[in-house]
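Alright, structures below, take your time with them.
Common to both upcoming complexes is chain A, partnered first by chain B, then by chain C.
After this line comes the complex of A and B, so read on.
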């Protein structure tokens, strides 16, 4: 399941935040200077909340949880995430 | 006596040798180390042929190399030109060519970009990175710079009226323009700001602004002038509010100066109720109006701090301020920009260039010790930006036309009303809508465009571009966005693109932008979903909060 979550995040970031302009790998630092800006990060948070039907508490909006796609997926796994049915 | 910006660090090193001047993550530079390293860099620059009047580019992400670069360049008698590390290569190339940069200070992470730049500019020397280049580029590493035992330079004859730095900002013609500041204007700002906000050696400043953003001069000059510690906030912290609030707490920051956007993020998602921000004694913000509901909320989290609204275009640094004092301002009115600080005179003029004093709305013009020298290589533009007032004999006073419309209120403070032209702010960044239109029209498949701003409901603006494609030329939105990403800074790329086949027109056939804005705002309703770069029809898929 972790793999599926990573793929969903990767597609969203590539298509919606990088606009197919750049590429991103699971372990790339999303917070590096030239990757996603602060507005982009907030959009990513909004997307995650909507897609996985959960609420991310403000105190969890920290570097340790959002450094890379893999890290986000692990954070979500720790939240006992169950994939919505429409996600394959 | 200090009369140059470059003397600041050495003077503070005499008084506070061991004190931390700059911090970044877990590392820091003492005043003594910064003084020595910047002198070593100056020595290397001079050896590499950098002269007085030269412009040296600084192309670095946030880190401890930045203060060394800033002070090293000025000690060599040259002016520093901060280059936005996330701006497209085409724009970097323009700036490097525009002000004739021959030497660039950077680090190895930027090597790939510099390789591209070297091929198409007159770069001769790169400090901090080893570049594979076919041209005769001379490269020195940071280790080379610091290796020398000798930390002295022969006297460089710099005087206060010499150029100290050039900062590029959005220009209406489609290309950025360089604002020139001298040691005199920069130091006047540093001293006035240090005095106005009583900065002392016990203060810890949070440097939120990147170097190419003019607010950084407070952190890089006013802080060191007072012997304070400037904590450079790593970019990743600025993207995750709860991390940023933790940094403010852990670093015990006492002074904060940024655009409202950064503070609004903290209020909305910074988990402030879990933080102890008791060390914060003064919070300043500027660049655009701070929405009152967020300001009020911020004040409740940091009840003991002072708050000030700071106003001033980069051309004059800061020029007015409004200190909030308990109970003396009206929560229903927008935040005032206050009155001029010291060594500054403001006038409000009408459309006929006549001063007005009757409380009507007019353009604010400013003369001040902190005023720029002019725009780099743009004599005509510079001349147009001045307003002259005759004094005695054939003498005149020279004021800078801010382009900002203000009104003098009954309480004696200025109220910011709007712009005379089409300049807007996007999360504190200055953007000329005409520059975006120019960029769009250079794309092969576009015929006409109208770019306008709408309220983003978060205290700032969101940019929308309506585009009419050329006849029989299918225009792919993604292509155009990619194209703009390659030409404009990220914050200036429209959040939304509307492809259409006609525009509302005025009786004279001009695009009716006001009507276009009205229609777009109506169509999208409350615009909660407008932060996305995509075709109009897709808006609503993403929740941005």
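After this line comes the complex of A and C, so read on.
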């Protein structure tokens, strides 16, 4: 399931936040050099909440949880995430 | 869809309007001229329960939901002609109390929230810097860890309530290598060594709320003064934005409603060319536009509050509302002044002050230009 979550995040970031102008790997630092800016981060959080049907508390919005796709996936796994049925 | 308020909310609105009209509007022309903050009125608002509106009851508040808080702050903006006071109350409630409520330790909540609600101490929010305005997170203030303490160095600018604040939330970088994600927040008492304040003497509007620079020169505080986790500065700052925008804008909406009623009354009473000036289409159209603005702004604002009430994201709607309502307040201030003509231009009329006070709204809390950037960004541009 972790791999599926990573792929979903990678697709969203590549298409919606990087406009297909760049590539992102699972362990790339998303926050370094503003690869994703503050608004991008808001959109990413909104996407994750909607896609995985959970609420991310404000106190969890720290670099330790959002530095890379792998880190986000681990954080979501720690939230006992189970993929909603409609997520493919 | 249901646009109606509950009986309790309607009663609250009436009570606040009566309180504000009766207690908060005296000597305003003089206080505005002198840039005088009324500590008495601050305490009256605290005693009435305004400051504790959304704070949980165990910390001395009334535990209102966001929709009810919007009702309350709109009523306050309508009844209280002192826009500086309503702005200052909102500033403390949403940029000081709410972050403490959301991110504070139990000890920090117990230490600060009851006293803030009772008006015994005043709180400020120090984030803007001389070189970090719209580019908020490029701030230069540094917090260096030394054992069990932090040493703060930097300058905060445009700090609302800065000169009278007993405690300030200070945003500072704890890890330069992480950029904006290395910013943390601290609760700094004004008694801390190396903490000083330089008041701003004069400004265009909102003159009854004092502002200042806060200078942190080797300001030493305990590590337990950190608010929230290390690196949570961005999150703390953004977490209260939607509430802040809702409720500050609610007070502006209330003021716009009052402006509209004043303009209608004046246009009915003032006679020129043997008829009330409201009979002239140019004047009537202007007032009709004021009404359109207040109603459309209200819809946007209530939608944000409703979204938050239902735990839905509202960043886009909050930006739309901030942009639209603050610009409407400026335009309606100008329209109200045109309706009143030369009489409105006189300070004693208390019409021109609303216009001066409104200008700040398109700057503070994210300028209109920045709101447009946010809207465009959230639309995927």
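Here is the rule we use: the second predicted complex is superposed on the first by the 87 of 88 C-alpha atoms of A that agree within 3 Å, B and C clash if a C-alpha of one lies under 4 Å from a C-alpha of the other, contacts with A are read in each partner's own complex, and residues count from 1 in each chain.
In the analysis below, a residue touches a chain if its C-beta (ideal position, glycine included) is under 8 Å from a C-beta of that chain, and two chains touch if they have at least 3 such contacts.
Just so you know, these numbers come straight off a predicted model, no measurement behind them.
By the document's definition of touching, of the two partners only chain B reaches A:47; chain C does not.
For chain A, the partner touching the most residues, choosing from chain B and chain C, is B. Of the two partner chains placed around the shared chain by superposition, chain B and chain C are both touched by A:16. Judged by the touch definition given at the top, the superposed model places A:31 against both chain B and chain C.
Contact with both chain B and chain C is seen for A:61 once the two complexes are overlaid on the shared chain.
In the superposition on chain A, the residues of chain A contacting both chain B and chain C are 16, 31-32, 34, 37-39, 42-43, 46, 49, 58-59, 61-63. Remark: chain A residues 16, 31-32, 34, 37-40, 42-43, 46, 49, 55, 58-59, 61-64 touch chain C in the complex. Of all the residues in chain C, the ones that touch chain A in their complex are 102-103, 137, 178-182, 228-232, 234-236, 238-239, 311, 313, 315, 373-374, 377-378, 380. For chain B in complex with chain A, the residues that touch the partner chain are 61-62, 85-86, 235-243, 246, 261, 265, 269-271, 274, 427, 478, 481-482, 485, 490-491, 531-534, 542-545.
Across the interface of their complex, chain B is touched by residues 16, 19-21, 29, 31-34, 36-39, 41-43, 45-47, 49-50, 57-63, 66-67 of chain A.
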